[in-house]
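Same chain, two partners: chain A is paired with chain B first, then with chain C.
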Partner chain A sequence: MSTIRVDAKVVMLGKESVGKTSLVERYVHHRFLVGPYQNTIGAAFVAKPIQLGEKVVTLGIWDTAGSERYEAMSRIYYRGARAAIVCYDLTDSSSFQRARFWVKELQNCEEVIEQVLYVLYHILKWETLKVGFFLSSVNNGPRLHTILFVALQQCKIYLCGTKNDLITADRSLRQIDYHDAQDFAEEIGAQYFETSSKTGNNVDELFHKVAEDYNNAAFQFMSEESGVDLGQKKDSYFYSCCHNN
Partner chain B sequence: MDGEAQNESVACEKATLAPVDRLRSNRAESPTPGLVEGTEPGAVQKSAFFAHAQSFEDLTAEAEEKAEQEGVVEDSGQTEDELQVLVGERTITEQHAQDVSPQSRSKEEDMSSEAWRSHRKHVFVLSEAGKPIYTRYGSEEALSSTMGVMMALVSFVESDKNTIRSIHADGCKVIFLAKSPLVLVGVSQTYQSDKELLRELQYIYYQIVSLLTLTQLNHIFQNKQNYDLRRLLAGSEYLTDNLLHRLDRDPGLLLSAVTCLPLSNSVRDVVSSSLQAAKAKNLVFSILLAGDRLVTLVRKKDQFLHHIDLHLVMNLVGSSSSFREGEGWTPICLPKFNTAGFFHAHISYLESASDLCLILVSTDREDFFNMSDCKQRFLERLTKRTAYQALKEALKCPSYSVEQVGIPELRHFLYKSKSSGLYTSPEFPELYQSDEEQERLMGLYQDLHSHLHHPVRPLRFFYRCTNKENLLAWVTNGFQLYLCFSPLGTKAMAVSAVNKLLKWIRKEEDRLFILSPLTY
Partner chain C sequence: MSQRRGIHVDQSDLLCKKGCGYYGNTAWHGLCSKCWREEYQQVRQKQIQDDWALAEKLQREEEAAYASTQGTQSQSQAAASQTHPAPPSLGPFSKFEEKKTNEKTRKVTTVKKFFSSSSSRTPKKETQEGRTISPSINRHTSLEMDQVSKDFTEFLKNLHKPGREILKQCRVFIMNVSSKKELKADELSECVQDFYQNMADRLTGHFKGSSESVEQVMDQVEKYIMSRMYKVAFCPETTDDERKDLAIQKRIRELHWVTIQMLCVPIEEEIPEVSDKVVNAITDIIEMDSKKVPQDKLGCIKRCCKHIFSAIRSTKNEPASADDFLPALIYIVLKANPPRLQSNIQYITRFCNPSRLMTGEEAYYFTNLCCAVAFIEKLDAQSLNLSPEEFERYMSGQASPRFHSAEGEQHRAEAGATNPVLEQLNHNLEQLTGLIARQERLVEAAQSMQADLLSWPECVQREVDNILEEYPLEILPRTVAAIDAHDVDSDRLPHPLTPQVCAQ
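And then the complex of A and B:
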């Protein structure tokens, strides 16, 4: 056995000290480390297999550093990710602002991919691009393949309010209303969780959901007969720009 | 200063002069230590892995040249008043001490307090616009007025076409290092020379560059002169704190060298060749550490690692437990290699509770999985061999006691082989177990070191008696040696101990040093 095969790339994003590392630590090692806070340097990767019925799905979790210093690097972590767990600290409203920033980044990244795909679609004059078709017959070089592959695998966002135990202990500490967070999650099409790495509350549920969603999507991906119609996206920026000249 | 200092190098060199010969056979047979670089005990047989083993000179040369051209300004009358604010004759602006922001790190301290002022060594970093970036003690916010004074000093002297280098007053030294776009200031109550203090500031400068690159620093300040750099450095202060702590404690930083895990030659060779086999296209350095000790280092052909860069890597790894969780992947600038860009380091421990940490340095930021694969291959290869067990055994005694050398009056020593850039030193003996005593001994070594590296009158040989210990320092083209003896010994005894010690090191050299570094 050499390197572990990873099924789904998961990236943890959020302001520093919101508790990303603690979440991973709780989920992977079932523990909560007390003692002085150690900020992550760069990013840490850990692969975690998870049993879903008969199947085992291995999550490759990227725990990124929240420090602004590494912001430029973060793109390489969320590129190609199937899930982004965007964390904020329930007791710190500035961290919620930062979470909004990350959501925007993720959405921008997806938009770019859609646009690239749209342009490709026009250049190459593909009428309908079926998933099965391109998987077997695209040999326009690895880059194109990667772009198409990445584009068809959407990155799902999971919004996660952390340190729930602090709120349970003292309600006045809550700085982000439950419903505000819930509404925001709905608006961006995300799942919403409130967790505590200290008590373990909701942590397994969060990662389990990530793995399940991946598994369901992968199932659809393989069995879908109709394929993906790329021509549907007519309102994009590139569409108008291409048709103006 | 008590004791005596003389330039005795000539006499001593004659006494032990060995034939200048780099042949391997000769070197192994001859018990007499060579005095020429490349033949001393611990010398490397092929090319070393460090870029410039000249060390100290290399580090301060830049700053010195500048000073020589521009002249040194000390104690100008007009600065006296402002200086007092720095060294704390008067109370430091109290209203500022109150608005220390509550979320600032735990080293909160009342800046107007006696305790704050009595720290032995303060270090401040500020931008050229005078914005605080780092302070060793207390919080930067509370210091802004002090920083203002420092900037006033710096710009006052700069406008005179001079660069202010140091101010001496009242048992206190203030040292300035202008490294555009940063200004570093050290305020010291120790006996260290300006040159030593400057060297430490330089280290702090490199620490900051290693986090951001100089290119990024310049870019930021070109766009916005009064940018608050703490935003980008947030969460890294402890790296600088730890580096300063190491500068007080770690002989490696003093000697510009690193020390190795004592390991039998054959075991080290297996580890090295396993590491060598796990190569990849963009891999530049593979470093295996056991705590702060080097187990082995493999480098790309023609690429050298500078000891400062290695110290920065060690500081990064040693300061953070965050690499214990999974595999770390971080951009890191190695400023002595190139201040412009980032390398990307894969950092992981070989086993979860182990001290063995592997650092794979790649040029490509997309290389994580390749590096992860290299680690896997290295580990697979190594675990199949008995050498791995021997290596883990060796971790249990990462040092040796001075008794093993068999010189009764010898208490402790530092020996650096110049050509390899490696040093060896026994563990601190019973007498120097406490933190204070260790720091005191390091202080004595620092003092010897600055005499041997005095910018105007460097000594080759230095013997000094105090009522607590006798000290001897000796530098040749091949090595640097610092010894600490019991105060009862004589100088003659010390000199003869040196010969005995050098023979012992020669005998043990394949265990204590890495004699044949590998390239991919």
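And then the complex of A and C:
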């Protein structure tokens, strides 16, 4: 199949018409509102490879429907996401309230599993197998590796104020103070960006940061993994199989 | 876009029924994971113990097996007869001890043993066991399956030794699974997922981290395993998938009156190009049910979504965002009412290779489909911007949103004309009548042509006869004249000149 391998899932969250799609469009195709649209049929899912030094990280960028009628379903979307870009319109204070809502949602979702795993791995110092059995017996629902996958790969939050160009043109349009947003971002441990899809201001920086963070986290994860001795086990597994047959 | 008003799905519906503030989940009977756990503590307690016992046992067996392979290569059962210390910190263990003695007779043990990631030193034993338990599996392979197996072995040939290893592992796995009839869907799913996981890990080791090759092989493995296991794995009797299928099917039928406008879908079906794409999308989503391998099913979903995207593009002339796409997908699902929708979703969730289901493009579409189904299940008056009374009337079939109160009384008379479904029906009927007439004409023409063809040789014959009659062939006696024969004509010629002597 001709699908591009995606390393990290990135979800775009935010009220409708805050410019999630434009942001992606600007980043991937370097254009704003005007064509040429001939070669894309949809901007809802984009796989974008990013060069980081010698490595290439492919981000799978998921656009989500911002309408409140789909709010209840939003958790389906950010399951397994490595990064969430929570967007709001700098000129619309209601969109900032919605952004707060999403941040809360995201944190809810992660915290529980994360804490459990932290205890299992680092305090009780369990092995992966043991953790797996434990988790599968806890609720019998989600599978071991799915949980591990979700939990070990923390979903980073990026707060993004859009339509910066409107502010630069007319300062009175700004509804959310820069420092308020900055404070909020710090409080939730997020990175804060103010972007303009029209001028392209800060857009590349945002996505580059996402990819960079992912890469660093992945590196950390790798070294952690060898800490719980997964690698060693697998080798002997393979070895013994070949000899048994 | 501004016409889309805010609609809330009531948050309290999603919260845990016990009111602890966390979100509930239908899979847990509306409870959150925590409350569900408490609720089913008693039931689960046993399960947990079993798993513990198993984990412990495996650990020991593994060590013993490892030791024995290092030493004599004999597959001793020493580990099984060992005594196990009770696992720490978990409930009453009197039962547990008794369980342990029964363990050998429990079929689950062998499967789990095989799948658990580190108990890999037993494949040989498993192979033999598997063959004796279920030799019949190969007999039931249909042509299609043969084809799948053939493709798979062809593919693995390129991998040489590891290829044979992979094939063997897969076969053993399938035999093991098919011999355990009483496996629950979730357990089966876990087995398969563990198998994928192990296989992927080993392949990563083998290919030295080249993820493309790993994925290629994993795709083939999935294809092989799942087409073999489809019968057991799809919509198993142990789950209520079938009930859910019927429920969503009924639900979609009841919602037949939902219009494009209510969902704010940016698709204009009047444009022929667009309506073609809508039809294609519907066909693709329906086709999903006919596929056996999860990735093929995902492929169908992907194609369906691509059609939706191009339909939106043709309408709006700009790329579709998720704000356009999701409502459109909901609309397509409502129109298509795909067969066994829930079963298919469950099947994909349970048995698809997780790396595919987590991040890629197909995952995106699949997630959207899940979202669409969730929306349809929860759909109420608010989410369509209707008043509850209206919604009720539409649901009960007393009214149809197509002809609204504005038209008053006359709408009933015009029903045939205004209702697009009826219109379509009439149109189709007309077309059919037209087709019948054309066909009759065609048949007539064909018959007359046949008659013509039959009479043609006669005609030709007659003509030939006529001509022959008219110009009978007469063979005249042939007169051969000798060159020096007496010629009549030459008499009339003047005499040849005679030489005269001229006087001088």
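Following the convention adopted for this analysis, the second predicted complex is superposed on the first by the 182 of 245 C-alpha atoms of A that agree within 3 Å, B and C clash if a C-alpha of one lies under 4 Å from a C-alpha of the other, contacts with A are read in each partner's own complex, and residues count from 1 in each chain.
As a working rule, a contact is a pair of C-beta atoms (placed from the backbone, for glycine too) under 8 Å apart; a residue touches a chain by one contact, two chains touch by 3 or more.
Just so you know, these numbers come straight off a predicted model, no measurement behind them.
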Winner by number of chain A residues touched, once chain B and chain C are compared: C
Which superposed partner A:67 touches (first chain B, second chain C, both, neither): both
Chain B versus chain C as contact partner of A:194, first or second or both or neither: neither
Touched partner set for A:75, first chain B, second chain C, both or neither: second
Touching partner for A:89 - first (chain B), second (chain C), both, neither: neither
First (chain B), second (chain C), both or neither touched by A:20: second
First, second, both or neither for A:45, with chain B first and chain C second: both
First (chain B), second (chain C), both or neither touched by A:5: second
Common ground on chain A, meaning residues reached by chain C in one complex and by chain B in the other: 3, 16, 21, 25, 40-45, 63, 65-70, 73, 76
Interfacial residue positions of chain C with respect to chain A in the complex: 1-2, 4, 6-9, 11, 13-14, 22-23, 25, 27-28, 33, 36-37, 44, 47-48, 51-52, 54-55, 66, 69, 116-118, 120-121, 123-124, 165, 168, 186, 189-190, 193-194, 197-198, 201-202, 205-206, 211-212, 215, 219, 295, 299, 305-306, 309-310, 312-313, 317-323, 325-327, 354, 358-365, 367, 370-371, 374-375, 378, 382-383
Complex contacts: residues of chain A adjacent to chain C: 1, 3-9, 12, 16-17, 20-21, 25, 35, 37, 40-45, 47, 60, 62-73, 75-77, 79-80, 108, 112, 128-130, 132-133, 136-141, 143-146, 149, 233-238, 240-245
Residues of chain A defined as touching chain B within the complex: 2-3, 16, 21, 24-25, 28-29, 36, 38-46, 61, 63, 65-70, 73, 76
Chain B to chain A touching residues, read off their complex: 106, 211-212, 231-236, 316, 320-323, 325-331, 345, 365-366, 368-369, 372-373, 376-377, 380
